[in-house]
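In this document, chain identifiers A, B, C and D correspond to the written order of the chains, with residue numbering beginning at 1 in each.
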Amino acid sequence: PDMQQSRDTRNIAIDKVGVKDIGYPIVVMDKYREKQHTVARINMFVDLPEHFKGTHMSRFIEVLNQHHAGISVENMETILTEMKSRLGSGRAHLELDFPYFIEKRAPISGARSLMEYQCRMIGTQAETYDFILEASIPVTSLCPCSKEISERGAHNQRSIVTVQIRYSEHIWLEDLIEWVEDCASCPVYALLKREDEKAVTEQAYDNPMFVEDMVRAVTQKLRSIPQISWFKIQCENFESIHNHSAYAMVEGGNN
Amino acid sequence: PDMQQSRDTRNIAIDKVGVKDIGYPIVVMDKYREKQHTVARINMFVDLPEHFKGTHMSRFIEVLNQHHAGISVENMETILTEMKSRLGSGRAHLELDFPYFIEKRAPISGARSLMEYQCRMIGTQAETYDFILEASIPVTSLCPCSKEISERGAHNQRSIVTVQIRYSEHIWLEDLIEWVEDCASCPVYALLKREDEKAVTEQAYDNPMFVEDMVRAVTQKLRSIPQISWFKIQCENFESIHNHSAYAMVEGGNN
Amino acid sequence: PDMQQSRDTRNIAIDKVGVKDIGYPIVVMDKYREKQHTVARINMFVDLPEHFKGTHMSRFIEVLNQHHAGISVENMETILTEMKSRLGSGRAHLELDFPYFIEKRAPISGARSLMEYQCRMIGTQAETYDFILEASIPVTSLCPCSKEISERGAHNQRSIVTVQIRYSEHIWLEDLIEWVEDCASCPVYALLKREDEKAVTEQAYDNPMFVEDMVRAVTQKLRSIPQISWFKIQCENFESIHNHSAYAMVEGGNN
Amino acid sequence: PDMQQSRDTRNIAIDKVGVKDIGYPIVVMDKYREKQHTVARINMFVDLPEHFKGTHMSRFIEVLNQHHAGISVENMETILTEMKSRLGSGRAHLELDFPYFIEKRAPISGARSLMEYQCRMIGTQAETYDFILEASIPVTSLCPCSKEISERGAHNQRSIVTVQIRYSEHIWLEDLIEWVEDCASCPVYALLKREDEKAVTEQAYDNPMFVEDMVRAVTQKLRSIPQISWFKIQCENFESIHNHSAYAMVEGGNN
């Protein structure tokens, strides 16, 4: 007897049902190196009409198995369509959370190293297809007030800028990340030689920014990219003088 | 010079700005014991009009200091009003995340013990006041399919049901939590004697529920409470036969 | 039939068995305010001789219930003795992990606020009693190299110094925390007014310290306290110019 | 001026100093598929003699960059030797924490899916070389007491068995993991069809195990493998009838 297929009479449709927090190796398209191997945490949901008792959880994993050799922005829609058809549902939802690595060169020495960015792809397929690209970008922020009022030095700290975008034309993670890094007091790097450390210290000191300035600068940048239709920008400063964070958020769009 | 008050010309209003992830001891109203001491993680945000460069972060902490002896559903609105006036903003937002303890009696022996529930209060004050109460309630779920097809036993596991509600009249955390526990295959307890363990094992076996059944049962219950105007119900089963979770969500309202 | 009491013939004694990750409200002794309410994560273990099949998990919770109104450095040994007697074991182990709050005054304005410190008590009772007190103390660190080589500014960040000590005579958390804060480039505060921000910025700039300097300074301090018999000092700098941490550790003792 | 090389007069040697929590893509040797791409969190430490002021943090990253194309049990010692020579230290320490994936077949249908195991390699090079291999293996545990006293059903849950070993001859992660899974009430799987769900439910019911039984069964198994010289076995049951865990640990060795 297929219990999941049996009739439910409570008259309650379920908005999302599925599998959550699956660890899975994936291959993501890379702007410069073609492909990148990484590991994702994955959530897969569909809606469930009111008259069905349950969904078939094992089918989510089967869909995943077919596609793990290459999950990408490109085939997100295909996977969602397959989820809808395998699960017999009207709406499918897929979230991939993964670390993404980009080779960066130190500003003076040019020393190469890999920077890690936590990224996310969120796709929903109903009547229409909706896709959100997210990246969390660590940067340096230096406090303008502290610089202004102090005779020497200025407090600074690591910040995380989390950007979500919807777009009308493909945007690479590499580009999105670079746009954000250009807005900070200074980017951060995995590897800095002595001459680089001098350069980033001075660059941050010369570009003081409140958490408000950071989200405004990123807002200005994203507004200038016409293919971005919607964005949400959050910045969290892990304050070096407090044990809590400063935070700012702007949500907006272009049209 | 008050840098924060200086003029910003980029024409970008900020939706939320403030302090995040502050640890703070608070006192919450308790249905049976009057007051309960606990520790919260706190976020406090306001909006920032486009012409101001920055907000005054220290004022958030000052508002918090005035109220920590008793933060409760009752004075949430007062705190938000004070945030608006101290920060000169049109909208204030306050989130409190805290463990809440309720004494529970084991089903047969009546042995008393404290159960911990992770709770949250989310208040927003703009033109109108909006308040969301949230509780995460651990319960036992037992799989109907596994019971049906197996000759003996049935897989079961800990689940977390997270309920958010808006209401027109005060609802106690104690009541909200009890409503949810009554919907599960079985509640969980901190202390169970031998006779209790027998009782909860059999109760769970006699009440098999899919993750879909759990959110539907809670939906039915919350629909029957007229003062609840909106709810969002999520259930996550930490499957004992998988290394991932099963998940379901229903969002709805009464009217 | 008491299955736990039945004979196990595999000839394998178990080093630790018990309950883990229990949330529980506790009351801790406070140097200045007598008592402090907080919430702990608790682990309770005993050893199990080779001939017993199992321990009685519910008895751990019963012991906890008797003492939660006041768990403190003072009665840790009593609780452990009770665990041994209730569980019939030769060794008992108790870990309490909890946030602890201390009122601090800003350096210039004197503005008061509460600082949160994650603390831990680890007690073991076998033939003898062993007790470890731990505190994690957030501070500011400012890089001496960055200051030296740069024409202006110096990178700085939040650091966490985690200190564990064994002592022959009672030491207050308040004192241990103050000793560590005095060793940093600058302490951190929950509330700083403008004049305080100037002071802490300049103090940090005037006291540059590598992560190595931090653990050495704390080592010197703890060596000067005769009642401390053993210590382990760890420092982690959440580097503002990198996306990883710098780390140092010294373990030592006084004799 | 090389500040790190300057003389420190406090006479305090540092046990460990270096970089912590670096995200990095690595390639690990796979028993069946030759190589496996994954992402590691990495810690790299050396000791620092008392007369040096600091270590050179950037050199750790340089060593890592040279080897990331293939970090494995095989070249762990090479990397450590290089760390010692590049940093001029007497002791080097390297920790790699990474998810590892193994294809598993469902017990009846044979359906293939990938299971994720959190693994760790810990290497230390001083006068001698020390290496610890760790794997965390999710399994099902079913309570013997609950089965015995109940008329129907038995509570069961997901457990994590964490095993650390030292060995005299190479042991594959694949083998270590299989040994542990064979000791549980039942293994867990990413994908189970209906007939598999019946099989695992009944297998768990037929093999009830206390948390004590789990660590004892694994102890027996590891004692029977002559090339294992030392082991530490921990099991944590995320109890389906409580909101806390049951825990047991055995540490031992062969000789």
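To be clear about the criterion, contacts are C-beta pairs under 8 Å (C-beta built on N, C-alpha and C of every residue); 3 or more make two chains touch, one makes a residue touch a chain.
In this text the structure is predicted, and so the values were computed from the model without any measurement.
Homomeric contact subunit A/subunit C: same residue numbering on both sides for over half of the interface positions. Two chain pairs are in question, C-D and B-C; the one with more C-beta pairs in contact is C-D. The greatest centre-to-centre distance from subunit B, using averaged C-alpha positions, is reached by D. Subunit C has its Cα centroid 29 Å from the Cα centroid of subunit B. Averaged C-alpha coordinates put the centre of subunit A at 34 Å from the centre of subunit C. Centroids built from CA atoms put subunit D at 26 Å from subunit C. Of all residues in subunit B, those that touch two or more other chains are 22-23, 116, 145, 190, 192, 243-244. Contacts from subunit D toward subunit C in the complex involve residues 1, 3-4, 8, 10, 12-23, 43, 45, 48, 53-55, 57, 144-145, 148, 210-213, 215-216, 219-220, 236, 243-251.
Only residues 22-25, 36-39, 58, 61-62, 65, 68, 99, 101, 111-114, 116, 190-193 of subunit D touch subunit A when the two sit together in their complex.
Residue ranges of subunit D in contact with subunit B, taken from their complex: 115-116, 138, 140, 142-143, 145-147, 149-158, 186, 188-190, 192, 194, 197-198, 200-202, 204-206, 238-244.
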